Amino acid sequence: MSAASNPFAPSLHELNKERITRRGRIITGLLALCLAVPVVLLLAVIFVEAMPVISLELIWGNATDKGRGGGLWGPLIGTFYLVITSVLIVSPLGVGAAIYLNEYAREGTATRIIGLAVTSLAGVPSIVHALFGLGAFVLFAGMGASVQAAACTIAVMNLPVVIAASREALGAVPRSFREACWNLGASRWQTIRTVVLPNAWSGILTGVILAVSRAAGEAAPILFTGAVFFKHVPDSGLARLLPYALDDTFMAMAMHLLVISTQVSNMPPERPFAAAFVLVALVLLINAAAIRMRMKLRNNRKW
Amino acid sequence: MVIRRVVVATLVAGISGAACAPEVTPRLSITMKGSDTLVQVATGWAEVYRAATDTVDVSASGGGSGTGIAGLIDGTVDVATSSREMKGEERESIRAKRGAEVHEHVVGLDALAIFVHPSNPIEHISLAELQRIWAEGGDLRDWSALTPGKSGKIVLLGRQNSSGTYDHFREVVCGKTAEGVHREFRGGVSELNGSSEVVEKIAKAPQALGYTGMGFNTPRVKWLAVSIRPGEPAVTPSIESVNSGAYPIARKLYLYTVGEPTPELRALLDWTLSPAGQAIVAQEGYVPAS
Amino acid sequence: MSSSAGKRLGERAIEAFITFSGWSSILCMLAIFVFVLREALPVVPKIDFVELFTSTRWIPAPAKGNPAHYGALGLITGTLTTTLLGMALAVPAGLGAAVYVAEFASARARETLKVLIELLAAIPSIVWGFIGLMVIGPVVARVTGAPLGTNLLTGGLILGLMSVPVIASIAEDALRAVPDTYREAALALGASPWELVTRVLFPAAKKGLLAACLLGLGRAVGETMAVLLATGHANQIPTSLVDPVRTLTAAIAAELGEAPKGSDHYRALFVLGALLLLLTVAINVTADIFVRGIRTDGAKRAR
């Protein structure tokens, strides 16, 4: 069929462009797959290697024989307390900072400097956070290696995460909501408390949940500020649920994984894989909850 | 909605947990920190001692002999485990910072074994050859110079620079120059953070050569007999050869404390030297102190 | 009257807290600089800075009677080579994936890929290090015949995998931020979708894309736990792709726990930390300047 008989047939030039586009689509699609496939593959490998030891005992039991047997209860409960304490510290500060930047401060040098500080904080390497935590909380503030020192270090690390998510959430609330309140005579804080915060709450919570997942996964900041490899956790009773005081050293999942994958001899290989699996599953579940919350928020928006 | 409730519930649980914890666990805590060579012994002691007594909580961690001693100087640990002897400056620092003397307790003996992959045909090596391999300025880089059945670059695996193992090995193997200057290690050695890592890596690397405590021997690696000079009879690491002094790279394992020990600390220290404590030392592959 | 006065006081207190939180990020950033520099400064006069940057002899714990040497060239090249390798992998994959998600993917593929990218970003760095040590390392050793599985190549691969989600998500945001008018104009002039991407979107979004790459770079440079486990810890200038190396971050993490507090070794590690801090803050601030460029450009274009 020559082009002359069908005036709408694509020309050579157009066919060429189509082919290039198709190639481009395939290449970028493959590159996108480069992201997706490794995740799934690696997680599958971890799961398969960990399978022999996955059981309820893994979660509930104490580690025995230097981690070669038993479960992960000590590190799990330690990570739990670390995360809770750290989130309790970072959430008011982060949300407060976001409120300040969005609702109170005027656009100008001050906000630019604060924005710069938040961005810089986000880029600080985790080992430098560890150095800071060691110098500031463990030594200077005299907290010693403890849950509180580690929690403060992680709180500083997570501050940009909470601030960014909260700012987005607060910014998404339409200005008209606030203006309506002001027209009724409410003060700035009253407006925020009654109208802005409740509408931004889900977005803020997303940020907090992301902070939770980061706090659970980080190892470097807690290495020198309070995490230890072995600490006795009682086998039963209330003390089993509350084994660490705020000024105590503690076990944590990230630390446990680090030590059992490098420093214990004759470690059956399923054990580090099991610890990695539990840690990844924990973090991914928390993140999935955040993603779901964000999707629901998008659907439930009243504006 | 559900997620919100769950979050609030966990926060409440967490707050009450963190607040209540001190009352629920009122036992005396003794921190033991330091040598990675000894960390498994220390953890074993912690687990068993806990069951043996009811009032003392021992927490054990590694980091290298240097960390434990550093913690002792700062006053953040009660017992420093060390696989090398404390240096003069360190004793001075303790005298200066903590105003008391250091007490040294020998809890066992250890041999620094030379490990290779089981497929490696080599069976013994001399200190002279080790020096040419490990010390700065040494000229032995290839397996073909050591054993006829093998060739290729020797991949060196050792410990990190705060480790007592590192320190002791450097002193014995790298030795001194003619002018009496102590030699440093050469560059390019993989400095691993734990003794078991050395063995694990050697088990997977046919070209590797590494050193670490004899307690970390596994069926997946093999150790070499060591002689002082090539051609001399080579000695394998064992309880007898360490005790008799025939094995050239042996050392003592120490616990250090500062000042007069409290009754609980004294009880723990005595227990480590008791048959029960020493059984754990032997179980981990070291030589009991007797 | 009195109840509203009481309310004013409570409100004043809350607003004071909010203002304080607003400045907290600046406080934290300054505190990090102060504490890191404070611990590092005393040893600075003793360090030969020429040696620091040109010698590979890092001997902080010398044999009896020898002076200490602080040559960080081996560590610096370790960081440089692993980062460059990681970027060589992450930039094409990240940008390609971003293009695919923004322009070519169907709505459902887009949602799935975005979720996968977020989950990839959420995997803790210690788990990445574990994967490098136990999964990818042995594969690399088998495929390339390398003597050790933990080496430059493995480290670079892991860093690449870790940086890809950062680059992909920010680049995707940058591409989306280009106004639709650009797309419509290009298509109206007869551009193919591929020409649209390469000739119109890339130039329009180049600041944001550069920012994405810079932030990915910052993540790779500052990464600690992953390289600690996956690169092999040999302080040397690598001569082959499968030589073990050591990065600045891994050196600090490995040696900090053991250096006696206040000793020269300890302070030298803080000097390395200060260098890292300056480098990553510089990278992040540059990226931020570019990102701000997008917003102002977007505002200009929308007019």
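First chain written, first letter: the chains are A, B and C, and each begins at residue 1.
Quick note on the criterion: a contact is a pair of C-beta atoms (placed from the backbone, for glycine too) under 8 Å apart; a residue touches a chain by one contact, two chains touch by 3 or more.
This is a predicted model, so every value here is computed, not measured.
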Contact graph of the chains (line, ring, star, complete, other): complete
Chain separated most widely from chain A, comparing mean CA positions: B
Geometric centre distance via CA averages, chain C-chain A, whole Å: 16
Rounded Å distance, chain A centre to chain B centre (Cα mean): 35
Euclidean distance of C-alpha centroids - chain B vs chain C, Å: 34
Multi-partner residues of chain B (at least 2 other chains): 192-193
Junction residues of chain A - those touching two or more other chains: 262
Per-residue overlap in chain C, given as positions that touch at least 2 other chains: 257, 261
Touching residues (chain side chain B, partner chain C) in the complex: 63-64, 66-67, 69-70, 73-74, 90, 93, 152-153, 155, 160-163, 166-167, 170-171, 174, 181-184, 187-193, 201, 204-208
Complex contacts: residues of chain B adjacent to chain A: 3-4, 7, 10-11, 13-15, 17-18, 20-22, 24-25, 29, 31, 36, 39-40, 43-44, 46-47, 50, 57-62, 76, 192-197, 199-200, 215-216, 218
Chain A residues within the chain B interface of the complex: 64, 66, 80-81, 84-85, 87-88, 144-145, 147, 205, 208-209, 228-232, 234, 238-239, 241-246, 248-249, 259, 262-267, 289, 293
Residue numbers on chain C that touch chain A, as the complex places them: 11, 14-15, 17-26, 28-29, 31-32, 35-36, 38-39, 92-97, 99-101, 104-105, 112-113, 115-120, 122-127, 129-131, 133-135, 161, 164-165, 168, 192-195, 197-198, 215, 218, 221-225, 229, 249, 252-253, 256-257, 261, 269-270, 273, 276-277, 280-281, 283-285, 287-288
Chain B partner contacts - residues on chain C that touch it in the complex: 56-57, 59-66, 74, 138, 141, 147-150, 228, 232-236, 244, 246, 254-255, 257-261, 263, 265
